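Which chain is which? They are A, B and C, in the order written, and residues in each are numbered from 1.
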Amino acid sequence: MKKQTLVAIAALTAAAGAMAQSSVTLFGVVDASVARVSAGSVDVTGLSSGGLSSSRLGFRGVEDLGGGLAAGFWLEGGLAVDNGTGGGFKFDRRSTVSVSSKSFGELRLGRDKSPAYLNVETFDPFGDIGVGGINGANLVGSASSAAGTAEGSAPKRYSNSVGYILPKMGDFSGQVAYSFGEKTSAIANDSMGSGIALRGSYTAGPLNVALGWGKSRGGTDAVGVDYKSTNFGASYNFGVVKPMALFATEKGGNKRVDLFGFGVTIPLGAGELRASYAMFKDKNASNADSKKLALGYGYNLSKRTQVYGTIARMTNDDGAKRGLAMSSSSLASPSVANGANVTGYEFGVRHSF
Amino acid sequence: MKKQTLVAIAALTAAAGAMAQSSVTLFGVVDASVARVSAGSVDVTGLSSGGLSSSRLGFRGVEDLGGGLAAGFWLEGGLAVDNGTGGGFKFDRRSTVSVSSKSFGELRLGRDKSPAYLNVETFDPFGDIGVGGINGANLVGSASSAAGTAEGSAPKRYSNSVGYILPKMGDFSGQVAYSFGEKTSAIANDSMGSGIALRGSYTAGPLNVALGWGKSRGGTDAVGVDYKSTNFGASYNFGVVKPMALFATEKGGNKRVDLFGFGVTIPLGAGELRASYAMFKDKNASNADSKKLALGYGYNLSKRTQVYGTIARMTNDDGAKRGLAMSSSSLASPSVANGANVTGYEFGVRHSF
Amino acid sequence: MKKQTLVAIAALTAAAGAMAQSSVTLFGVVDASVARVSAGSVDVTGLSSGGLSSSRLGFRGVEDLGGGLAAGFWLEGGLAVDNGTGGGFKFDRRSTVSVSSKSFGELRLGRDKSPAYLNVETFDPFGDIGVGGINGANLVGSASSAAGTAEGSAPKRYSNSVGYILPKMGDFSGQVAYSFGEKTSAIANDSMGSGIALRGSYTAGPLNVALGWGKSRGGTDAVGVDYKSTNFGASYNFGVVKPMALFATEKGGNKRVDLFGFGVTIPLGAGELRASYAMFKDKNASNADSKKLALGYGYNLSKRTQVYGTIARMTNDDGAKRGLAMSSSSLASPSVANGANVTGYEFGVRHSF
């Protein structure tokens, strides 16, 4: 997707030769869809803020410091297109400042995605968004601190983090991040809420494989409980079809849930077919597994604009109540009873700038 | 008012011929005034965030998709210039994504003004803002869900809406919007909070006439009560003077209030004189009518900057307590006792970009 | 620091000659540091959002109206880089609209810094930010309405203000601002929360001296208590060293605290050494004084990017419990017991655009 760049007066007025290239970029995604989810006999219909990509607005820039060194910032916040950002616009998706070098890599301070979460959205055709997104079901964790959602046992994003991204080494990439718990030493467990995560990936031509791992000391949960997440994903782009697979497991507090996901994207006309199948295995409770099937098609009106439709179904065991997610600040999926199956669909338009 | 456009790198780097014209625009209004309102023997003075136009900041863009088709977005939020946006900046004025065509019109998803509200602000010289604004008095509805204000019996804006704007057909324009209530089918009345609204207008040379209609299923009020609003406005620009008239009625829950408004704008020097007279008729209570008179002058320092002053008076029957509005997050009009008359004035500066 | 300017379409499409120069500028600072503060035996470590400058994002513009007259706006809000702006982004640092003239000065409406606060940050090498900042200790006022912090007995910023800045008169500058309390006349003391402040400065070559004075009618404190602050600062730039001194006193409600500050900045290589020493004298309590020492170095990677480190120590008398500040929405300094000494350090990177 093409980005709009604010023309830098730095560039316009730069003294000849003395000043390096710099830019500040305004960017965003505005995505809205009409969505419907049925859980058992109860359904709800409304407008979702993003069935394909999270709606967002951001500013980012990079300054060439010379000698291969660069400084940069990234401020990106989520938009609720459906109701105009209920709780106030925030740069909650990413707020970072960084110094980077081609030789030494990048040091990044602020709020950013956890390296341990990237695979979960990378190796699913629907990413982590919309009724088809892998994010609709919790792995380990209570409802209020769902794994794979915000700030729980396996947080999607790290606040108060220091991250280090390795320089590009052939086909291999790697990164690590630490998130401060910011508790005083007067508290019994002053590492509460802290987290550490790693990711390594290997990308050679059409092949992409990656491993992620993270540990969080239960921030919103009991003091002293460590939650661990491990995930592995792979995709291979044959051109006419791109299959992908994801394995993810999260454990902590005597619970463990495994996720096996299989997906495929197929270029079709000016668009793309998407399909995914996922199995959620609760390793500590019997009869508490779920299966999810999602199908979708997106048609590109341009490189920046896509109209799309998605349909998904979650089949729950008698002891499971996993649902489907809708990305909206006001549209909530109906609550799911144990063993109820859930169906959802949405169609919408995504515009990037 | 001139808009500033962020120069699109899309345009700067576009491959020859292949790429259509696109732009992202930053725009806004910063308006502040010193305002004073007296209700009976009590008065208050302070800084209002916009006596002439609501202060705002926004980003919007359009992408030419070729073949007469276009995609666009609009993100616009209100500013509280007086105290720096108390509750956090939000794109609460408009958050939409749309696909449009010269032949088929525009499909618009998100949060937008209700078509049923547009006449109320179009056919008043002071619009819906400041001590002179038509918005200072409720029609039907409780204090907390005032008609003609936010999200009440006749909401100013629709969240979760799907709108359709007809293509231009000669001198006629038309649009319709539906706002999802987003209640689950488990709730007795799952259309609660939903709304539908229409508007048609005819504009030929100096003449502008428009009809609006809307129905809301009481969102913040009792379940199952439908509120209906109907309004009709006309203006004719003679050049030396532009008279306008507005009739609006709202009813629901055994209440009905009618509004008759008459206004005029007169170009004078580098500015404009404004005057309006309005009568509020409570059709279900006797001795509960009000009359409002507002006078103002705005002097244009440029096309983008105006200094202005407004004075207004609301005369209440013994059983009425309609007030005057100030557009501020911290400056509240004093409460009005039954039968008390209210006087307000403000002078300020509005700058657009 | 170089600013990025959004290219104005006004300039691009201006009719020949008719239109004056205008611009809208996007600007900001993204500053993050790893910070640690120890108070007695308790310490806390985490990520601070700005150890050198407050992180911020803003839009500002000026329109040349011709004849020496100009209109302008300034919208600037604080960023919490550490966690993505917890409570929502706001234009809380400055939200103003103004009309100015070279002959008559500037009239400014909205939210802005109090003239009585400017010296406190101007004549300290660390300004009012970070563990080294002068802002870490309260002068007069309760903990919740700390002098020199937000909206207390000597507010840093005025909401609802009308300010007037004198035109440049030789080496002398002056300004005054009034902040409306916005209480109705039905309240016993309707000037509650209001404030008035003045500042005059004289700048001739390397010399800079300034006097500030302000009075606030206790907004968050008892009705009818006036708080007064007076401060005086001076600096002289010898080139190889720039010494500075600050005297500030605040009184009200039978309390008075004096501050004597001495600082120095020394250019060193591509950076700057900073040192400050401050004494806080409680004039109404015995054995309640404190001393603060701060040392720092900042290295400029470019004009826009600096890496820095600061170390500071507050030494409290037995009856004092002044602390050190960290600029973070989630990282709070440990509470300080009476007589405990406090040590803090941080190192970070600041990037401006």
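Going forward, contacts are C-beta pairs under 8 Å (C-beta built on N, C-alpha and C of every residue); 3 or more make two chains touch, one makes a residue touch a chain.
Everything numeric here is computed off the predicted structure, so don't read it as measured data.
Novice: Note whether the interface between chain A and chain B is symmetric in residue numbering, meaning over half of all numbers used appear on both sides, and answer same or different.
Specialist: Both copies, chain A as well as chain B, present different residues to each other, with under half of the numbers appearing on both sides.
Novice: Only C-alpha atoms count here: how many degrees separate chain B from chain C in terms of the superposing rotation, rounded to the nearest 5?
Specialist: Answer in degrees: 120, to the nearest 5.
Novice: Report the inter-centroid distance (CA atoms only) between chain A and chain B in whole Å.
Specialist: Their C-alpha centroids are separated by 37 Å.
Novice: Where in chain B do residues touch two or more of the other chains?
Specialist: In chain B, the residues touching two or more other chains are 6-7, 26, 87-90.
Novice: Taking the touch rule as given, give the residues of chain B at its contact with chain A in the complex, in rising order.
Specialist: 6-10, 12, 20, 22, 24, 26, 59, 61, 63, 65, 69, 71-73, 75, 77, 87-99, 109-111, 157, 159-162, 180-186, 190
Novice: Using the touch rule from the top, collect the residues of chain A that touch chain B in their complex.
Specialist: The contact residues of chain A facing chain B are 2-7, 25-26, 28, 30-34, 41-47, 49, 57, 79-90, 301-302, 304-305, 307, 330-332, 334, 348-351, 353.
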